[in-house]
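Look for subunit A in each of the two complexes below; its partner is subunit B in the first and subunit C in the second.
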Partner chain A sequence: MMKATNGGAPLLEVRNLRRFFPIRKGLLRRVVGQVRAVDDISFHINRGETLSLVGESGCGKTTTARCILRALKPTAGEVRFQTAAGAVVDTANLPKTALKPFRHQMQMIFQDPFSSLNPRMTVFDIIAEPLLASGMKDRDERRRRVENLLELVRLRPEFMGRFPHAFSGGQRQRIGIARALALNPSLIVADEPVSALDVSVQAQILNLMLDLQDELGLTYLFVAHDLSVVKHISDRVAVMYVGKIVEIAETKQLFNAPSHPYTEALLSAVPKPDPRLRSERIVLKGEVADPAQPPSGCYFHPRCAYAIDRCRTETPPLEEIRPGHVVACHRAREIELKGVEAQRAV
Partner chain B sequence: MSPPPAASRAFEGEFDEALVTTAAEERVSVATQWQLMWWRFRKHRLAVFSSIVIAVFYLVAIFADFLAYADPHKTEAFRSLIAPQPIHFFDEGRFSPHVFALIGKRDPRTFKRVYEPDPEQKIALRFFAQGYEYKFLGLFPTNLHLIGVDGGNAEELIFLLGTDQLGRDLWSRLMIACRLSLTIGLAGVTLSLVLGVLLGGISGLYGGAIDTLIQRVIEILRSIPTIPLWMGLAAAMPRDWGVVQVYFAITVILSLIGWTDLARVVRGRFLALREEDFVLAAELAGVGQMRIILRHMAPSFLSHIIAATTLALPNMIISETALSFLGLGLRPPAVSWGVLLQDAQNIQTVAISPWLLSAALPVIIVILAFNFLGDGLRDAADPYG
Partner chain C sequence: MNSAPILTVDNLKTYFFTDEGTVKAVDGASFAVQAGKTVGIVGESGCGKSVTALSILRIIQRPGRIIDGEILLRRVDGAGKSSEVDLARLDPEGGEIRAIRGGEIALVFQEPMTSFSPHYTIGNQIIETIQLHQDISKAEARNRSIELLRMVGIPRPERRIDEYPFELSGGLRQRVMIAMALSCNPRILIADEPTTALDVTTQAQILDLLREIQERTRMSVIIITHDMGVIAEMADDVIVMYLGRVVESGPVDEIFHQPKHPYTQALLRSIPSIFAEPRSKLPTIAGSIPHPHNRPSGCPFHPRCNERMAGLCDVYAPRLLPIGERQMASCFLYHEPEEAPQA
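Moving on, here comes the complex of A and B:
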């Protein structure tokens, strides 16, 4: 299962990941269908970068994140993770017991700062729990480490005796970040870490995350639906639609020159500060496809303004149209789409 | 509660959020779950009062023999169906509690025994008097009682709540009855709790086929009408079983239905907590399953279980009373509220000697108190909700 060190290997490589949820009905709970929450996606994250996963609610972003962390067992596919020792392990197919040595190298920051901290434990106990689980028996040692972690996330160490109810949402999120950092992970999966926070606090948390990335050399998988946040934090962006990745590109490239019609529509929904420029919003027709009964061909074709007959029958593969820019669209090379700047210029 | 730590250091620019608080706020900041629950419970006045009432009842159960003054099992045909006797507290302006002696006669027309107080014969009551022999807590032999009479036999002279058909003193029997009636509820609930937590826990934790099976069993058990089920089970009990055996059999019968509610509460909490982010965070941190259950899940449903248990207790008590009243539960010579109420089954009693109904009063008070207490606990159970 382990492979020899590969110098240029990405920190994380996801290959053909699938996660289907069975739909059960009746007294005998027979399986009558599948919700294809994550449907054959592949991408990679390089060491030290931030990859954002964006898409509408229910498109499979969170499921992807949880499959990578093995909070959910993937139905199929590989999650190849380069461990601190340099070996590459496929965490998707390891038995749960064999996973423990690698668990601490990938940690998660949660969306809801209220439900992600046990209200019945003090801040010290919350942050020290991963330390305890990894075998740090000495209480003073744990206390020193927790003090360091709290300072790292700019919280006062003397408040470690408090319970989470004494803190605001942003402060709680910092505690969550401190917990995630406790075991020196290399990959942090952040599942909408700021979407539950006030706008004023969002920037603080994002900047803290960027600072920590510089200080500790962290790699982020950033799950979000707020594109202005994504633009601020990420190096590359992957766009998901109904369980599939439709486009991956560098942030600037994606925002300025998207190549998938869905990305264009998403970008047009980004609020613009200047009211005179609020004209060219692309309103998609119809509803988001049902992941239990996806349409034929390209999942986006019923809503796509550029769809041709081929889109209805043939599923487009992810193709690299220029270095580092992959798109799943038959017409990616033919059509001219507008990015954020172009839309603004109209 | 430990005093709050010394005032926080002055705000330092490095930390962008000042967490400087007053002493009162700091007290809340470091308050544990149980402190928060207690603060919230304290606001529920009725629940606090009810908990005192319940405590008093259990004290009565412990000191039942001390509070009684007559042997609850001693029958005397010449003292049958005496009406409650008023206590006079003052004698010619002096505090001297006493009762009037009763003179029993037979009504020449109805041949019914009638009792007339004789104001000339005052029987002074004495506190901490000697009376019949008993063993306190079943261990220490003593004959000390709260009230008695000087140099006489209390059971022949005082009848605070009257007597029953066989001439047994009702006050004393009521005191003794607290013991069985209040403990059978506890024993039944304890058994239900063990069954409920175990089966509910398994159901919620493993899910799948086991969960479906346990849930269907619960639904079937709950769909059986309870009284016929109890009647059947009680009828199956051998008639020659002693008081203790019957007591435990009744406990088992009561908890057979009682566990289902608790199992549902526990299962529901498990299902809800399994999805909580903080449980996932613990899993991702590599915390073992046992520790997750004990450290993360159990504390957050413990309070709910306590509330559910408190609400289950009155059901147990009233079930025992109902069963015993119907003659299916405890049987004489055992003394419980239900057994006492058996004497008040016919309209004749209610019309002629209504004091036999007095056992209904503690039942009502205890049930109400437990319900109020349970309400208060349930409201306080989730201080973060």
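Moving on, here comes the complex of A and C:
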């Protein structure tokens, strides 16, 4: 189900974002090269929808998330964010001091619920800290707000005097979500929010995130490597490989009719929880390319079963092959790729 | 063709005696490993799956100790006569277990980043393992190491052998780890979360490699994981553990298509699926895994179980008993309690 975009403009639009990290060597720490962690990517997120950013380690998905929150200064490009007042600001290029009025509108949920909460602060202090920082001076008011937030994430408000160690991983992740929601953000960036949790607890947190989105009209940028989790939560999915986006499509479209060979291989590699589906998987040769020395042409060509001469020399642009489905592959229109439904049918 | 199993674990209990109390990490686990087959042990954190593996190899660290049970390793000599050795009775520091460890039973760890010494080349470390168990010269051991590295798919092994672990990617390191484990032709390979730290395309490569090696060598594999997908791909037989107990065991197809224990059923339902409708809710298991110091009485799963029977599941501990021909479950839905209440 695609959400209607009210007002037309997307909540977030990323244009030609780049983030390079210099490689320094020698006594003088001279720059001898660049790690192109995020290399010219563009996408948008509509208000109220979930866009997932998927890819393997080192593909640049976390760097992208951090650039959007301006925890990292992008090397180049724009991050156009629609503020609560309706104006559009480019958070990539604003000076840090000018960012402050907008920061609370974008919040983050972290991967590790064990290290992302200060063990010396009570749950109340953890969740109330952003409230205090935003000028809510009255303690009773903060207490009421924290109670509300705890109820929102289905935790008992009586627990607010306890310390994080008294809670399980799933409960801690709920506390982290309550803290992220404290200032009524419009955009939540969730970086692997369930990957440190046990399977039986993952489902609870995913359901909670879906509920909160419906209740509060939140917009999610969901960063993850687990494609099964992504399938459950996303409206649209963007696949990254070595700092570039190779494909973006609506979730169903991407999973059932992928158009980039890397997406096909990723989907095929996921172990399916059914022994009757032990099919022939696509096992990619070799390893993920080094973002400091990417291959020529299409970065995926050394591992791609469909590569032709052109792929070795020419970088494929991201092109729209059908409405809402963009792919960076020279052969996207001529090759027939398998999605997950085709694997199930085998 | 149910010949005698190569390894039989019977009523294994491994407890940790800490200042805060006793943690029953493994509390009566029983299962068997057939020659040439793969057993998958699956469960969530704290279920005792890794401690079970460490117990088999007798590398449980203090304050942990095996307090009960048998771990029978069966050997067949040249004349076809079989004998058994109980690993649980061996001196964990003694010569006999040290010959078995890395020799007859090898281990592949989860973390390929930290399982090697950073100070020695990978060649050094494989050669050391080989020479520890086999009386061959260093040159021969080196040649054998290169062969092993080639077998696990390391490109240009004659050069790679002199590299240090940090020079290799996670996937290559896990391959080297497997090469080292295979160096003494083990009869049983224990793989503890062998692909958890790896990316999904690398995971596919490593799982393929393990299967291919097993086909060639006919060794038995015990694969320990929390990932039901990996179990479905790899295992012939499955052991499902929860809080130190085996709650269900059986052939892989039965476990996935006719699970008997409410925990297995709930776990399978709650896994996010790649076949799901986008934005669909998942059935959940209520609550969370209890802290090991607060073990529930009776059946350890009863506080989270939808089918618990008051006065029964919270009082008596169910035993693992057969259901049908090939499956076993410990649940009072299938068996009457037969013993006095257990604390």
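One rule holds for everything that comes next: the second predicted complex is superposed on the first by the 340 of 346 C-alpha atoms of A that agree within 3 Å, B and C clash if a C-alpha of one lies under 4 Å from a C-alpha of the other, contacts with A are read in each partner's own complex, and residues count from 1 in each chain.
Note that a contact is a pair of C-beta atoms (placed from the backbone, for glycine too) under 8 Å apart; a residue touches a chain by one contact, two chains touch by 3 or more.
Fair warning: this is a prediction, and the values are worked out from it, not measured in the lab.
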item	value
Touched partner set for A:Gly170, first subunit B, second subunit C, both or neither	both
First (subunit B), second (subunit C), both or neither touched by A:Glu129	first
Contacts of A:Lys231 with subunit B and subunit C, given as first, second, both or neither	second
Touching partner for A:Leu69 - first (subunit B), second (subunit C), both, neither	first
Touched partner set for A:Pro275, first subunit B, second subunit C, both or neither	second
Touching partner for A:Arg333 - first (subunit B), second (subunit C), both, neither	neither
First (subunit B), second (subunit C), both or neither touched by A:Lys252	second
When both partners are placed on the shared chain, which of subunit B and subunit C touches more of subunit A	C
Contacts of A:Gly161 with subunit B and subunit C, given as first, second, both or neither	first
Contacts of A:Leu206 with subunit B and subunit C, given as first, second, both or neither	second
Subunit C-contacting residues of subunit A that also contact subunit B	168, 170-171, 204
Residue ranges of subunit C touching subunit A (in the complex, touch as defined)	44-45, 169, 171-172, 199-205, 207-208, 226-233, 235, 252-253, 256-257, 266-268, 270-276, 278-285, 288-289
Footprint of subunit C on subunit A - complex, ascending	1, 50, 56-57, 168-171, 198-204, 206-207, 210, 225-229, 231-235, 251-252, 255, 265-278, 281-284, 287-288, 340-341, 344
Contact set on subunit A toward subunit B in their complex	29, 69, 71, 100, 103-104, 106-108, 110-112, 115-122, 129-130, 133-134, 154-156, 158-159, 161-163, 165-168, 170-171, 176, 179, 182-183, 204
Touch list for subunit B against partner subunit A, complex	5, 8-9, 14-17, 19, 21, 25, 28-33, 36, 212, 276-278, 280-288, 291, 295-296, 299-300, 384
